[in-house]
Amino acid sequence: MTILVLAEHQDTQLDEATAKAVSAAGRMGGDVHVLVAGSGCGAAAEAAARLEGVAKVLLADDPSLANRLAEPVAALVVSLAGGYDALLAPSTTSGKNIMPRVAALLDVMQISDVIAVEGPDLFQRPIYAGNVIQTVRSTDARKVLTVRVSSFPAAAVTAATRPIEAAAISADPARSSFVRSELSGSERPELTGARIVVSGGRALASAENFETVLAPLADRLGAAIGASRAAVDAGYVSNDLQVGQTGKIIAPDLYIACGISGAIQHLAGMKDSKVIVAINKDPEAPIFQVADYGLVADLFEAVPEFHATVAEKMRA
Amino acid sequence: MIHADDGILSQEQRLMRDSCRSFVDDVVTPFIRSNWQREWDMSPGERLPSAILEGAEAIGVRTLGVPEEFGGIDLEKETEVRTFALISEEIARGDSGLADKLVQNWKVSIVLRQFAPKHLQEKWFPRLLEDPKFLLAHCLTEPRGASDRWLPYNVPEASMHTKAVLDGDHWVINGRKQFISNGFDASLYVVYANTDPSVGMLQGTSSFLVPRGTPGLTITKCNETMGCRFMNNGELVFEDCRVPADHLLVKSTALASAGQYFRAGKIIQAAKNLGVGVACFERTADYVQNYVQGGRILIKHQAVALRLADMATRIEAVRSLVERAAKAVDEAHPDADILCNMAKVYASEEIMKVATHALELHGGNGAMLEFGIEKLFRDAAIFLHMDATVDVSRMKIIKNMFPATAGKYAGPES
Amino acid sequence: MKVVVAVKRVADPNVKVRALADGSGVDLANVKMTMNPFDEIAVEEAVRLKEAGHATEIVVVSVGPEKSAETLRTALAMGADRGLLVRSDAVVEPLAVAKILKAVAETEKPDLIIVGKQAIDDDANQTGQMLAALLGWGQGTFASKIAIGGAAIEVTREVDGGLQTVNLPLPALVTADLRLNEPRYASLPNIMKAKKKPIDEKTPADYGVAVEPRLTVVRVHEPATRKAGIKVGSVAELVDKLRTEAGVL
């Protein structure tokens, strides 16, 4: 079986999502090829060629593929599909935009947001906002899927590189044109929608500490800031940041509680978070009963260290 | 369970219920929860929060009862009271004071569409539709009491102290009304007054339309109530208040003719009460499935489970009676009067018990203002008195069932 | 301009849906159903286009069981003009829905189709893209803003890391994201008025579309509940675990 992975990249660099999609593809068994479609995207193709588990890279470098608009990229993938048993993309907004279009043109029912590969045609995917996991078997001869990147490790980067071949560019259907893109700056996301929330409690002790201790970590992670009621009541942060029974009820992928004891009213607002981290200097603090990862430490030391470690890892 | 059975509702009723529930969940409940501290220090003016009124306008719930010919909508007549019940329950599930405020408009609209002269309907219904703050009030109760009116004691000695006398082409009203829902904010009042002191109140009471701002009408007070605090209950004084002769709605037999208002009113009352019970149950069911004592969530302690079962059973029993009574009113069944009094009194006592369980099952949290359970308890308590007291409602049931014997008991103290 | 909007009846998002004990599916008995929230946004956008004088007619389509007529009625109460129920009691996968909608589009000939970006039950996020592909139209997915300009539409899309704006010649397809607008309630008076608006009924067979599923559901289960957490010894260990084990960093 041969699998084509549609790379997620910014032309000059390859996103980690691609490495994760490659490892997901590897679990289906067979040869994995990566398609890098873009304009001036040679560097991304070279990075893809270094990913472990990749047999070869197809490079489609053409001005019509700049900005990876769905119509031309889907047309390209469809033109290459004949040689593949499965077509796969990370379920980023780009993958989600393009792959269903590919699937429909191939008359295939796509499998979205796969979190586990159980076999070449057997996959797990979350439904009902992750409350339920569905295992599905695809009866289509050719598979089209998107994979949730957080569910797969990134394929390793190797010194050796695989061949890069130029792919034939198909005609642009010209059903859309790029106008502009605005990438968000460091503006913090909104509490309720954020994927990561860094939350502080009474232990923060002042409004300044929220800004100087917590905010840098939050901004580094692209996280929203939350707070316990004690912190809000003390005037450290505004009340729209309160998490809990009488505040906002949230379920981010990652909730980092810093200096929060874990009162029941606070837990009511965040207990459905996918991963909970607690940093508290009291080992008996109830927050540890719900935390996936607990760190008994003084937050004024641990949080800056957390920030520094993440910054370092991100640079690497 | 607990909520109305979708199967017995029409498609429109279900959709209306869904819109009301969304409005409550999106707007009302968050407002109530974030303003619990202010419930006690808000000025009467602040109790008409614009976000809530705008939301109420957006779902069009303030002006039910206004006929289509005046720009309103006609609900299905055969199920109108049941629809009123369904909607008032949903709103009261969010806040029963807000529900009071809104349903008073529907109830009084029923009176207007039946008794007001056409030119006054043409004048007032459009204003009601246009102005999101336009509220209506129904003024019966006086300082000396209301039970006499409900029973009623049909002797001259028990008649209303508020009097209206015809003077040329105006009626001149003098007297005082108290405990009036929307009394503090309403733009238009329906007022009952004695117009013939020589006969009993069934023969000598007339009703009038009195616009706010009529000289001689003074709004003297906003009552501070124990519950339903987002409804401004008020007190009014009439001092040589002159209204044009055409503002007379019903001459002499106003009390007897108000049956339509009272029957629908009692169903709505019971349904709002039910909404408070549903809120108690939902909050408590959630709490006992999350809060831990003795190492396990409360619901796993059998004593807790039994109480919850009792709450659910009482709510379902109330719902059944309210549905039966509402149907009887819609279908003008001869027992409608009896049934709607039963529904009202039964709801008030049963939901009080449901609220007590809620309070109990929340432990110390139940007694804290910020938890909102004590508010439900206070709201539930109000229903014992509104639209006739428990005992007076029971008397009405028996008087209606045995008119020849029990019906004859009433009389003044000598 | 004519606008077609597709709406799906789904379990209320506030309901925590559970897997059936035998793993054959999810338990939807007595679960409150409602219009897919993203579809509400799609309907709202169409109604706003009509109120702004861009759209002349809004047709809402739902593929699903008889009860989906109620979802259409809600859309009519929000301001759509007429409804079309393509009735199927069996589960219809996004690909088949897209094929049915394509056939509908061929008869209705809309200038714009708006659908929700995903249905919150199967969370597939496919139908709109598939429909655009089958029609050969341009797609503006995950829209947070649209602007009609002559014979084209400019769509601002919510993409990872920010916003992307594209221009699509009409006819075109848009999928609605959360921030596109805040949908109105179906007001009580409008619910009564919507009673008089027509809803047509068809079947997938009327459009020659086979709805046999391509995916077989082998099993449905609930994810493991939060396992007893662990204490980590250092920040380095914490960050490492978050990256490799939890995969959230």
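By written order: A, B and C. Residues from 1 in each chain.
The definition used in the following text is that a contact is a pair of C-beta atoms (placed from the backbone, for glycine too) under 8 Å apart; a residue touches a chain by one contact, two chains touch by 3 or more.
Just so we're clear, the structure is a prediction, and the values are computed from it rather than from any experiment.
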Item to complete: Please find which chain has its CA centre nearest to the centre of all protein CA atoms in view.
Response: C
Fill in: Two chains sharing the most C-beta contacts
A-C
Fill in: Centre-of-Cα separation between chain B and chain A, whole angstrom
53
Fill in: Inter-centroid spacing, chain C versus chain A (mean Cα positions, whole Å)
22
Worksheet item: What is the distance, in whole Å, between the centres of chain B and chain C, each centre taken as the mean of its C-alpha atoms?
Response: 40
Worksheet item: So which stretches of chain B touch two or more other chains?
Response: none
Worksheet item: Once bound in the complex, which stretches of chain C touch chain B?
Response: 14, 34, 69-70, 73-74, 77, 184-193, 195
Worksheet item: What does chain B use to touch chain C in their complex?
Response: 11-12, 14-16, 18-20, 22-23, 25, 58-61, 64, 72-75, 87
Worksheet item: Residues of chain A touching chain C in their complex?
Response: 67, 69-71, 74, 92-94, 96-105, 107-113, 122, 125-140, 150-153, 173, 175-184, 193, 196, 221, 253-254, 274-277, 283, 288-297, 302, 305-306, 309-310, 313
Practice prompt. Within their complex, state which residues of chain C touch chain A.
Written response: 11, 13, 16-19, 26, 93-95, 98, 120-134, 136-142, 154, 157-169, 172, 178, 213-223, 226-227, 229-232, 234-236, 238-239, 241-244, 246-249
